[in-house]
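Each of the next two complexes has subunit A plus one more chain, namely subunit B in the first and subunit C in the second.
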Partner chain A sequence: MKKFLNGPWVLLLPTVIVLACVVFLPLLISLWTSFTPFKLTRPDTLYKFVGFRNYERLFGNYDFWVAFGRTVLFLTIALNLELVFGLGIALLINKITYAQKTLRTLMMFPMMFSPILVGFQWKYIFNDNIGLLNNFLREFGISPKPWLVDTFLANMSIMAAEIWSSTSVFAILLLAGLMGIPKDPIEAAKVDGCNSWQVFKNITLPFLMPFIFIAMTIRSLDVARAYDIVQMMTGGGPAKRTELLWTLISRTGYVDAKMGLANAMSYISIFLSIAFTFFFFYKLMEARKILSYD
Partner chain B sequence: MTKKQINNILIWISAILLIVLIMTPGLWVVITAFRPQVDIMAKPAVWIPRNLSFNQFETMLFGGSEGSMGRSKVPVLSYLRNSLIISLVSTFIAVLIGTLGGYAFARHNFKGKNTYFFLVMLTRAIPGISLSLPIFILFSKIGIIDTHLGIIIVFVALNVPFTIWLTDGFFRQIPRAMSEVAMTDGCTRLQAFWHIELPLSKSGIASAGIFAFLISWNEFAIVSNLARSTDSKTLTVGLMDFTSQFTINWPGMCALAVFIIIPALILTFMVQKHLVSGLTFGGVKG
Partner chain C sequence: MAKVTLEKVSKFYGNVEAVKKIDLEITDNEFLVLVGPSGCGKSSTLRMIAGLEEIDEGKIIIGEKTVNELEPRERNVSMVFQNYALYPHMTVEENLGFSLKIAGMQKNDIDKRVAEAAGILDIDEFLQRKPAQLSGGQRQRVAMGRAIVRRPDVFLFDEPLSNLDAKLRNQMRTEIKRLHQKVKTTIVYVTHDQVEAMTLADRIVIMKDGIIEQIGTPLELFETPATKFVATFIGSPSMNMISSTIKKDQEKYIMITEDGLNIPVPKSKQDVVKEGQKISFGFRAEDIVPLKFGNKPSQSWGHKSKVNLSEPLGTETLIFTNFGKIEIVSRMFTPELVRAGDELDFALNLERTYLFDDETGKAL
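The block that comes next holds the complex of A and B.
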């Protein structure tokens, strides 16, 4: 007993209980439901086992695979751009000595916005009729564009909102990394005749790697927040042109009331999220090992 | 001008452009909240507001006489109350549970520690909308759908992982030796935690709490499906009340958006420093 009280598990017990009740138990229910034809309108269907029928149906479902592909593509492009922009911003602010703290605080502005608000403000900016952007174009005599209607433009608009909201996560964390870099190796390299690109590539970037992976891990934990943004901006429409996996799940489950099918989809989306997180966490561990050797 | 001066000017120009890009969308929403409907719809656009109006806020808070644009008024005060109750209670419980967990990870070495830590974080990676489906089914069965209690339980689980991540980082910044001395003097682990580490990491834990509050305050995906009526709908879900199939009450929505953003703004400014150090410390110095 004394051993238990002094050990870690007594401290972790509440965490385990909460996560078991609110995450693992629902996941089991979700798994079971994905093997039934459960519809909200017909409660008795929850107990009817149909094997892999929902999953089989998904494999042949064109809409699902389009949404799946769009989600992966969307995340890949958005995360990479956020990293590049974030790195650029961090390097820029790191160069500035005057009012650096104020700049850093201002950079955090988008982090305060709930994703639903991000969606709303960009919906407003991209609005055909009264949006900031189209009003601006009209001032210069350029014909207004249907930002949230055209397939390409709508996806780009959502991407812009997503990048606006999350680039600062990268910028802030990478800036923290940049500030922690010891000055000596950089000075030494400069004395030895390295140019700035060589310094960046051989000293700054390897040192920043763990910070990049922390940022990526944190981001991959909440990529599904893009659901809020899309739900607000277009609702997946018009005509499924901006449908991501998560908006499709929500529509199938709550609007069409096909809970069984929606749960099968959501299992696939869970694996996708976990794969993203696992990948970056693994990279973080690797980077940490490399750093601790010197 | 020297090359260095030109460089400096270029850096500043890009910094200012960046700030403009970052601030404009949010500021535009804030400005719209105070503009009369005619100005918003005007063509050609009116860039500088001709006069400010507090109509939207009046309608929101006191139910204004004309019910702006003929729409039924949105019960913002109920939503605000729900948001506050749900966020505050869930934050308190999550910080209590998460701090203990963070301490366990920071101070104890046990088999498979990194794996368990990762497992806890992984629960956070599950998309809210995916998790909401089974929780919806479960809560309907036990009858706590559309209640504060149900949503609070879910938010606690959402916030525990990040609280653990942050507090783990803060506890590690405190030298181990301090609690070890206390323990050789006869304290138990829990007593050492209570008397030594807890007081020292107070501000860190406070910022973890504020962070948890913000996550609850801003959550939409889960709560929009679990909350069905004014009994439990929060402000973020209430934002959707202003949209109908063909029309959107822009100024009303902007006013509510201002309502949601102000507490978030103040709280984030308070914790920004701790947030960065907490997230990076735990991650880098494993």
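The block that comes next holds the complex of A and C.
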């Protein structure tokens, strides 16, 4: 005991206790609940073990897998578009010599708004009757569109909001990457006969790949847990047309009060995030290896 | 293979004129070295030839073509950078063949050229490695190989040896000279190291503050420096320089140093000086030797003084001593031991002294 009190473990103890309270314990409890039919309205169900019944049900649950698939699709499209826009913005800002700092700050404005407010703002832009966009269309004699009702348009509208608010994450990370690229290889490539596109493709892009994958990792985690903007704009509706994983999970858990089932959904969804993170980290390592870092 | 002509070329950075209307003609197959202290405009000049910097005024002509408006890729020049500037994500082979691939050359032709260049530079065994797995010297060789494979009209070297250690630098210097003999192309080479300039160049251009001080072969610069700056810049140890004033003494001109030493003006310079003129009077270390270890020159001036420090280097010994308050250095080739504190009679060979006007800095 005396040895323990003098050892390094005792110094780590406060951290271990805090981590246990805020991470491990909640994780364990939520994992436990996913093996019970726990309903918030009937506390006694917390102690009824039903094994894998929640998981078995989910595997046959059409709504869940549609939301799952939609989240993957949403993530793929949003990330790729954000990459394209972010890279474009970063390249342009990297080129200018005047007022670069001001523009860099301006660029980050969307990130400074709460996602809830972003959701509200876009909800009003896309509103059927009083929305900015439909009013604009009417001015030009174009018939207004049901932006937040039509399946395709509603999903696109949410994506527009998501991209608007988060493209600057890509832009700022890629800009940092661009500014860190050594000048010499680029000049060497110019002398070696490359035009601008060839310089970009052969030199700039390989140097930028690690930054792209870091941005992808961060944003994939963000988008996979997308909730606030969707909840504000459509609430997953109408008729589950824009249902993503987390709108479904929160409704199952808090509205339908089926916490056990909701936690089972969460555990399956987490694999999605882990898979994406793993994939992008693997790509990141590869990109770094190509550049002979480490 | 082409000649390069610079006509009244200027470069501005903001309000600072880094290169001031320089004229320069580089002949076909010439090895031309631009040398000068940092900030003298030599690198800017090179980068303007490469097309990496815009030419603000004047004209640059490569071969028969004015290249002012041409992109670097349209000029058919290759450049070797100080930091090698290799592409870290490509193997040595890909680095070498990159420019040819961009030019759309067939794979087997590329391989042939790469193998040839690798042979010349002795880097065959590293072809599959990445630059990170090479030593500094090997990287520099790859950088040179990358320049060779293109068979450019002009090679541009931007301080290629500054990042190497002393031993490797000497070795690579020899290799660059050999390379020039093998590939026979016009080379423009920028360095701040006068030894590199002297050993490599057919002709040297000495620059200072954006202007050309003197152009000439290494020996011309050494023997007949046009300005005080060139005189002190070329040669190691650098030329001894003493400020003095011209006075007439019994029909002959003499120089009076700041410490009051009287030194006769050499016969050949008697006609070019005038009473009261402020001059700097220079002589190289080997032209002042201890009398007992050398031959007395026909026109000499003797001075007795104490040795401050001696540096025996084997073939030569550098002796530091004072002329009044100014420390000068003497170089003798006699293998005799000289100790600090020894009092020696020095003989200065007046025929090999240089006089520079203090106002213009020009040689008299």
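Throughout what follows, the second predicted complex is superposed on the first by the 267 of 294 C-alpha atoms of A that agree within 3 Å, B and C clash if a C-alpha of one lies under 4 Å from a C-alpha of the other, contacts with A are read in each partner's own complex, and residues count from 1 in each chain.
Just so we're on the same page, a contact is a pair of C-beta atoms (placed from the backbone, for glycine too) under 8 Å apart; a residue touches a chain by one contact, two chains touch by 3 or more.
Since this is a predicted model, take the numbers as computed values, not measurements.
Per the definitions stated earlier, placing subunit B and subunit C onto a shared subunit A by superposition produces no clash, and the two fit side by side.
In the superposed pair of complexes, A:147 makes contact with neither subunit B nor subunit C.
Within the superposed three-chain model, A:189 lies in touch with subunit C and out of touch with subunit B [touch as defined at top].
Within the superposed three-chain model, A:30 lies in touch with subunit B and out of touch with subunit C [touch as defined at top].
Here subunit B and subunit C are compared by how many residues of subunit A each touches, and B touches more. Once the two complexes are overlaid on the shared chain, A:206 sits against subunit C while remaining clear of subunit B.
When both complexes are overlaid on chain A, the residue A:64 reaches neither subunit B nor subunit C. Once the two complexes are overlaid on the shared chain, A:115 sits against subunit B while remaining clear of subunit C.
Of the two partner chains placed by the overlay, neither subunit B nor subunit C lies in contact with A:170.
Aligning both complexes on chain A leaves subunit B and subunit C separated at their closest CA atoms by 11 Å. When the two complexes are superposed on chain A, the residues of subunit A that touch both subunit B and subunit C are 291. Of all residues in subunit A, those touching subunit C in their complex are 182, 184-185, 187-195, 198, 202-203, 206-207, 290-292. By the touch rule above, subunit C contacts subunit A in their complex via residues 50-52, 71-73, 77-79, 81, 83-89, 98-99, 102-103, 130-133, 146, 150, 156. Interface of subunit B with subunit A (complex): residues 11-12, 14-15, 18-19, 21-26, 28-29, 32, 40-41, 43-45, 96-98, 100-101, 103-105, 107-108, 110, 114, 116, 118, 120-131, 133-138, 153-154, 156-157, 160, 164, 188-190, 214, 217-221, 225, 236, 239, 250, 253-254, 257, 260-261, 264-265, 268-269, 272, 276-277, 279-280, 283-284, 286.
For subunit A in complex with subunit B, the touching residues are 5-12, 14-15, 18-19, 21-23, 25-30, 33, 38, 46, 89, 92-93, 95-96, 103-117, 120-122, 124-125, 130, 132, 135, 138-139, 164, 168, 172-173, 176-177, 210-211, 214, 217-218, 220-222, 224-225, 227-228, 231-232, 246, 249-250, 253-254, 259, 262-263, 266-267, 269-270, 273-274, 276-278, 281, 284-285, 288, 291.
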